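Multiple structures are listed underneath, in structure tokens.
Consider the two complexes below, in which chain A is the common component and chain B and chain C are the respective partners.
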Partner chain A sequence: MTMQTNREQITTAPDGRPDSEQPRWRQDFPIDWAQDHYVARRDFTRFLVLTSLAFMVGQFWIVFQNFFRARRGALPIQRIAGVDELPIGGDLTFSYPGEHDQCVLVRLGEQSYAAFSRQCTHLSCAVVAEPDRRRFYCPCHEGAFDIASGSPIAGPPRRPLARITLDFRQGAIYATDVELRML
Partner chain B sequence: MIHLEYLDRRHSVQTAPVVCMHCDSPTCAEVCPADAIKRTDDGVVQTARKPRCIACNNCVLACPFGVPKMETSFMLMMKCDMCYDRTSAGKKPMCATVCPSQALFYGTNEQIEEIRPRSTPINRFKFGEQLITTKVSLMKPRAGRAEYVDVTAAMNEQSSGKSITLNILEDMHQ
Partner chain C sequence: MRRRFTREQKTTIIFGILCIVLILVMLQLWLLSATMNAYLGGDRSVIWPAALVSLGCFALNAGLLRYLFAIERTQP
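For the complex of A and B:
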């Protein structure tokens, strides 16, 4: 209440003209203590309102994104290699689904293939297939994943690698989906 | 924050206390780029607000009376705030309390005119083109008819070692 009563301006501008003829910045940077407090409170209120508004818009944005993500449909089907192109114990790097999403295909046995995203689940370094040691190795922090299941076996990663769903058609291997896995 | 200035150090040991004049349009606050210098309802210009002051020295250079001082150890401009902790609680500022000769006086114009009947307070100062009205007054001889103290003119005046007269009042010698 005291703030309200004391808000009259006592300081005059150097040119001596009335407040109405002063530039607008004088209202925002008042010299009087009480007015300065008032502006500070007003700014704080403005900050609160705008921040909560931004949060609300953000919520709508998430809903909007989810709506389109649901409609985006299945990932494309992409040919990786022929069934016999890869020797047993060999590995092949390819990109799926996007140009920059690197994946790796390994042949574990005569009929056994596995494909995983190369993105380490710790800090997204690219993992390297080491079929002779039966693991994917992340050189950044000495992380390792099992070559057959993609689950973490050493180092900082806690989540398994994203698995690429494979399909075999007419003697070739196709990637059909990316399966993100939590723990 | 009161400080003493030597009037003419070469010829005399005479000093003058410098206290903030608490202008109606404080130049220090006008030049402050950080919006740090504020004036309370009772017209007292305060020391720069610590969270805002950027120690840029603008106020130190701009104040025509040379009042603000940069406290580099605090990175803060400090100035006379009329001992706001005392005066806001009804006490006199420390300088006026301890002054033995009433050279510094804190009270109403009527009170000081009663004590010094040959003088009258003046609170308008001219620095070149800038005319400043202040809360703090100087005492001028009642005989003079000056409307303001022309400080720029006084700066050009030469004082001699033998008789130090502060002829800073316009029209004094006419």
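For the complex of A and C:
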């Protein structure tokens, strides 16, 4: 009786032919199509809610990271080089504020200097200074940034390079802070 | 008394829930990428509001899933 009831719940096969005209495999293992659609949608909804949870966790991870960034305090002041050590049009790489945070200092004119993080704002590859072409170049995805402002001028990057705040004291150049920027 | 739905009605309901959940998840994805971009650019003003909106979206999704479990328990 139970078997009979279950058979009645099985709906028409996709080709629309009656059960007796269906191939043997389908007669032996009939699929309840309506139930199949129901279960598929239900399980997909469950998966999406799990995805929603993951996105929310990601969002609160940013809050968590921001909490620690806010408590970091002032960055150290670090000597980069002497004012006359770098020729006009020259560049110098240095690490600031951490040992693995690569930065680059460029001398644009007699009294004009600029320093930026070397981390490309697209996927964090190291950019290379090209003073003769007035740009920083990222070889990974052909990205380019203006050498004076650090703004993106070509390729996939959408945010400018992080600027290193400079200070000049007693004939030397010092890095004092890292300025994250939006366009 | 809890209303009982037929399987066809439940399929329609679940399809409606699926559409709403899908839209909310897409909104959360956009929110996460926009917030990440702002955070990496040094803009901290959007972090908390975006997190609260994302929490709201998840709460709504979880509520809809709970309703889905509830109608599952009712037999037609």
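Definition applied: the second predicted complex is superposed on the first by the 112 of 183 C-alpha atoms of A that agree within 3 Å, B and C clash if a C-alpha of one lies under 4 Å from a C-alpha of the other, contacts with A are read in each partner's own complex, and residues count from 1 in each chain.
Convention: contacts are C-beta pairs under 8 Å (C-beta built on N, C-alpha and C of every residue); 3 or more make two chains touch, one makes a residue touch a chain.
Because the structure is predicted, anything quoted here is derived from the model rather than measured.
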In the superposed arrangement, does A:A34 touch chain B (first), chain C (second), both or neither? both
Just chain B (first), just chain C (second), both, or neither: which does A:M182 touch? second
Which holds for A:T51: it touches chain B only (first), chain C only (second), both, or neither? second
Is A:Q65 contacted by the first partner chain B, the second partner chain C, both or neither? second
Counting touched residues of chain A, say whether chain B or chain C comes out ahead. C
Going by the contact rule set out at the top, does A:A13 touch chain B (first), chain C (second), both, or neither? first
Common interface residues of chain A with chain B and chain C? 34
Touching residues of chain C toward chain A in the complex: what are they? 7-8, 10-11, 14-15, 17-18, 21-22, 24-25, 28-29, 31-32, 35-44, 47-48, 50-51, 54-55, 57-58, 61-62, 64-65, 68, 72
In the complex with chain A, residue positions of chain B that touch it: 24-27, 29-30, 35, 37-41, 43, 46, 130
Which of the residues in chain A come into contact with chain B in the complex? 6, 10-14, 16, 29, 31-34, 36
Chain A contacts chain C in the complex at 34-35, 37-38, 41-42, 44-46, 48-49, 51-53, 55-56, 58-60, 62-63, 65-66, 70, 121, 158-159, 179-182
